[in-house]
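The following blocks contain the structures, represented as structure tokens.
Here chain A shows up in two complexes: once beside chain B, once beside chain C.
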Partner chain A sequence: MNLANLSLQLLTGLQIGAIYVMIALGLTLIFGTLGVVNFAHGALFMIGAYLGYAISEATGHWVAFIVVPVLLFVIGIAIERVLIRFFYNRPAVDQILVTFGLALVLQELMRWIFGGTNLPYGTPDWAIVPVDIGIGYYPPWRLVIVGVTIAVVGALYLFLRFTRFGLVVRAGMRDPEMLGYLGIDVPKRFTFVFGLGALLAGIAGVIGGPITGVTPDIGMAVLVPSFLVVVIGGMGSLPGAVLSGLLLGEAVSLSVLIYPPSTQIIIYLVAAVVLLWRPRGLLGARGVME
Partner chain B sequence: MTNRKPPLSLPLSRRAILRGSLAAGAGIGALSLGGPPLVFARNAWAENYPAIGNFPIKGSTVKFGFTVPLTGAYADEGNDELKAYKLAVRHINEGGGILSTLKPMSLKGNGILGKKVEYVSGDNQTKPDPARENARRMIERDGIIMFSGGSSSAVAVALQYLAQEKGVIFMVGLSHSNDTTGKDRRRYGFREFFDAYMSGQALGPILAKEYGKDRRAFHLTADYTWGHTQYESMKDATEKQSWHTVKNIMTPLGTKDFSQYLTAVLNTDADVLVLNHYGADMVNSLTQAVRFGMRDKQVNGKQMQIVVPLYSRLMAKGAGPKNIEGILGTVNWNEKLTDPGSKAFVKAFQDEYKEPPSQAAQTAYLQTILYANAVERAGTFYPPEVIKALEGFEYEGFGPGKSTYRAEDHQVFKDIYVVRGKAPSKMANQFDLLEIVAQVPRSQVEYDPKMMGGELGPYIPNKT
Partner chain C sequence: MITPLYAQSLLREGAVMAAVAVALIGLPWFLTAIGGYSELATPIVLWGIFALGFDILIGFTGLLSFGHAAFWGLGSYAAGLMLLRVTDGFIPAVLVGTLVGAVASLLLGYLTLRRRGIYFSILTLAFAEMFYYAALSPLQQWTGGDNGLTGIPPADLCGIAMKGEAIYYVIAVTAFIGIYVARRIMRSPYGLILRAIKSNETRVASTGIDTRRYKLMAFVISGVYAGLAGSLSAVYQTYVPTDALHWTTSGQVVMMAVIGGVGTLFGPMIGAGIVLYLANVLSGVTAQWLLIQGLIFMGFVIFLPGGVVDAGRRLALLLSRRPAPTDKRAAGTVSVHPAQAE
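Right, the complex of A and B next:
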């Protein structure tokens, strides 16, 4: 084991973490703003992957990268209008049940349309041949994922921090009732935020699909680690999600070097340790889900 | 009005006459032979067997149970198996398929012992516990006389123990672990599919011939009974060819992203990657290994190679032809075989489902027919008699040459195949993904039943 090899394993951890972060971002945004624990988020990721496959087969990858997130935004808005908005004032259990049910419906819908077989969703041609990055050869696509994740996190931060809409969203997280009295159409903002969360799932699906594979059950498969990322980071905290996503990615990657079988439990182990130490998660705020 | 009465009275009287003569015949038979009335064949005799499991059967139909994975890592295989089971039931009831090619064949295409076959099916999620619950419900609620299914050897082993406990025969579907007919062999379980040991024996010499003797292999292995035994078998077979085993990492069944394991492979000087994966696991690990450049890489001055010991067309399709081109592995059966049985089965399957069957479908179909045939030959559904009819049964007319259900471990022995992924440019159609490299003779893959240990257990359950 030399330094280059260790760096390679660290890079793999970063890349695994990037996928976790991508999925967890939308999840934590929706929870932080709307207070809804969205169990259908994995299913939105899965739909992103399926659409990514279908559209890239028909028109090429670049079109898919643009069109899929937009489509998911529209799907997200439709879901919020038709279903989710009726559950804002109902107990968390109801919200979990309805989103979980939605996830199952979407999953079986995709199985119905595309069958249960994995669809060979390839990367673009320029990303097929591994590149030499000084410490060894690496699949370019996984580097792209890291880059896209950094860009998305940055854009989301700027959007929430420096735009008027972001200000309203953040205010809405604090006190939606007061915001309503001030003459701001809160439900409309909520719809938009849910659409934005779905859009993030779409980006994750369209770029993550070539790695996770495209099957009806990938939604559920990515949902569990993503929820752990959100919980470890602190419910509703975007920086927390980024931090814990990277932490879990590195934990998974490095545990292979130390004791391979432990990769199967390492994320749960990290979750247990972090939550014992900080019950609200790494950067969790007081009063959330308490 | 006038002809109302005669039709009513006539059959009644004929039946009465028949009944009388039957009774008389039985009496004469018993008297003359001084024992049971053998004239009336084994059907009548069946009533004298004690009840086991869901035997004796009440009514004019008999029910099979098919528990297959419709979700989980082996969902593709499970879906294909279910299609094959439905086809097998239809052929048993109505004739067709391999009923005219398999020898010896006692089925007449009118059900089994005159009873029509029905079936129930369920999703076992590729997991032993749901599978056991699934099968238990079929046995206790639906009253099935036989069940079949898979995939996953973990499921197969769990169901074999259930079969033995309940006294209901289990015809194993897709299962490739040595344990299934090795240390976990059961009197009530039968496997037609080949096993990991046979794959290793068949593949070893061909790997050495293709890739040379001085190779260093890294294994990634699905973490359950099948993966474990395949790793052991491949390790033995390749080390016999003086390959060196660098390391093995167990990966959980259902893993989506293998990058952390693949990076660990790159961190060694291994020049062969052996993927002891199947189904969706193999699709993911192979695709990702190719993306990590493992097929273009030079290690120790040699071209790095990937080996997939257990191949299937469904996986080849999932991984895509570009990724499987040139990769070697073994299969139990292939839809391109030209023997009359394979042709009849492929045609029937293709007519029904518009695509050729996989090897998972083939073993599922054959197992169902073999069970039905054994019952017909035994003349009874009484499980111990059916088991005896299957033990040591030799047959041919479906797949390669003569096959034998070995009595000592309930494993079928026959020739198996080494295959290679076809180049996309050479594919005749979208299903034409694998080419047969060699038909490995049975003698090369056979082994002593004592080698793997295990006890079949008693013919009559609950008396262990």
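Right, the complex of A and C next:
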């Protein structure tokens, strides 16, 4: 195996990891602030992919890229207002059950509307022909995914680090109760954070759809690895989610070189090793959800 | 020595188990009477065993597993492979299937119980998916990959081929024993500790009890029930679909348990009956049965987290309070399981 081949494979790992990262960031953001594990997060990704397909068919890709995340933001806010809000004071098991139920309902709703088959959600014309990137030819769409993810992670970092709202969100991830005592309207921020998580899932769906395929089952299929990303990174740790997302993405892509049938199960093996060695996750803080 | 209290509890237990026996024998006729068909009784009792074992975990310890498809599915595949390649004996196939479920739950439990609460649900979901993908591709020559395990010969129990009515009664007897064992576990000091863990794990741990070992044991017991039910389903269907390992199977048993009523043992079995009966009746009318099931499930989680059993209990309470205060005990028996009403 030569070096160029290896670097192409590493790049693919980066792209696989990028989608995990974007879903995991939303999951961990919602979990860290609201304390709710959103089993419907994969379904939000799936809706993003479906809307991406439908809107790009009607108006072209650029409109879809802008409109879909905005729509998902609105959908996220609606879900928080109508459903999740009433579960903050219920046991964690109920929160999981209701989001799981929501995931099923959304999945079957999409199956009803669009049918169960994989929809031909293609990339834009300019992204079809592989381009020469110095180490070999590579599909540009995958580069777009990596680029968008870097931009999203950067924007999220700046937002959380340098805005007043970001400060409140970070404080909420540490201690939501104290935040309430300080006179901050916590429920209002919760709504926004849930919307933000849904928006991230929407971005992942609209750019990841052409790679993952657009079927009702895709939601759960991306949710499971993203859960592992969150757990391996450390529950509630945003840098941890980025780090472990990349780790799992590279593990998947490098396992192709070593033993192809193992690609589907490699992430579970990595996760098992990390959990045995460090149950808290790579960057998990002591005392968070122990 | 038989004290009056002990005699009373023996009598009550005897009455409950007699009612269970009558219900199991009468189920095929009952289903025909309410517009189903009698063969539906077999999957209902199969899933009932699965849901019963699941309730020992979630109902007693409060741990919500999304990975029980692994034990059901591995049990199915193991029993199917036994029948296909080793022997056509019913008992060895089911024993091996159950054992595989037990071993798998021990491994998975050891790994996932390192973390509490939310982590546990996520990790069981994830690691169960590992078995699904392993069956699909790397273990293809054993599992038949996408096609599932096909062409399993009918099993043989003392010269009787296990199909049709014969297998229903074998499964019903298994369910009867399963219910008896589960009730014994529930009443034992061991079951008491499990329920104490559900209400306050920290406090139990501070009395010097190693809660993780108790939780692991509960997990393995429920894995045994799942493996047993899974192997019986392989014998019954003479086919193991890959879906046996898919998360939808875990989701199905979760929904049955919640719709029926978690923590009541009989509730999840009733839930299995309701879900499978409705699936059978409604899937003939509409193609969107799964959507309806999801909505029903959400409705229960939002408005009636105690499930059908809790609804029955509340109704009984309401009826006993409303009309005349004379008839309290009679109204109590309206509840689905009198022994649980305490």
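Everything that follows uses one rule, which is that the second predicted complex is superposed on the first by the 290 of 290 C-alpha atoms of A that agree within 3 Å, B and C clash if a C-alpha of one lies under 4 Å from a C-alpha of the other, contacts with A are read in each partner's own complex, and residues count from 1 in each chain.
We take it that a residue touches a chain if its C-beta (ideal position, glycine included) is under 8 Å from a C-beta of that chain, and two chains touch if they have at least 3 such contacts.
Since we're looking at a predicted model, the values are computed, not measured.
Of the two partner chains, chain C is the only one that A:V224 touches; chain B does not reach it.
After overlaying the two complexes on the shared chain, residue contacts for A:T212 are found with chain B alone; chain C is out of touch. In the superposition on chain A, A:V129 contacts chain B only, with no contact to chain C. By the document's definition of touching, of the two partners only chain C reaches A:L102; chain B does not. Using the contact criterion defined above for the overlaid structures, shared-chain residue A:A272 touches chain C, although it does not reach chain B.
When both complexes are overlaid on chain A, the residue A:I84 reaches neither chain B nor chain C. Contacts of A:P261 after superposition on the shared chain: both chain B and chain C are touched. Applying the stated contact rule after C-alpha superposition, one finds that A:Q9 touches chain B and leaves chain C untouched.
In the superposition on chain A, the residues of chain A touched by chain B in one structure and by chain C in the other are 261, 264. Residues 1, 5, 8-9, 11-13, 15-16, 19, 115-120, 122-123, 128-130, 136-139, 141-142, 211-213, 215-218, 221-222, 252-253, 255-257, 260-261, 263-264 of chain A are the ones that touch chain B when the two sit in their complex. For chain B in complex with chain A, the touching residues are 70-72, 75-76, 79, 223, 249-250, 252, 254, 256-257, 259-261, 263-264, 266-267, 280, 283-284, 287-288, 291-293, 296-297, 314, 317-320, 322-323. Of all residues in chain C, those touching chain A in their complex are 58, 62, 64, 66, 111, 114-119, 121-123, 125-127, 129-130, 133-134, 136-138, 140, 247, 251, 254-255, 258, 287-288, 290-291, 293-295, 297-298, 301-302, 305.
Across the complex, chain A meets chain C through its residues 31, 37, 83, 86, 90, 92-94, 96-98, 100-102, 104-105, 107-109, 111-112, 220, 224-225, 227-228, 230-231, 235, 261-262, 264-265, 268-269, 271-272, 275-276, 279, 289-290.
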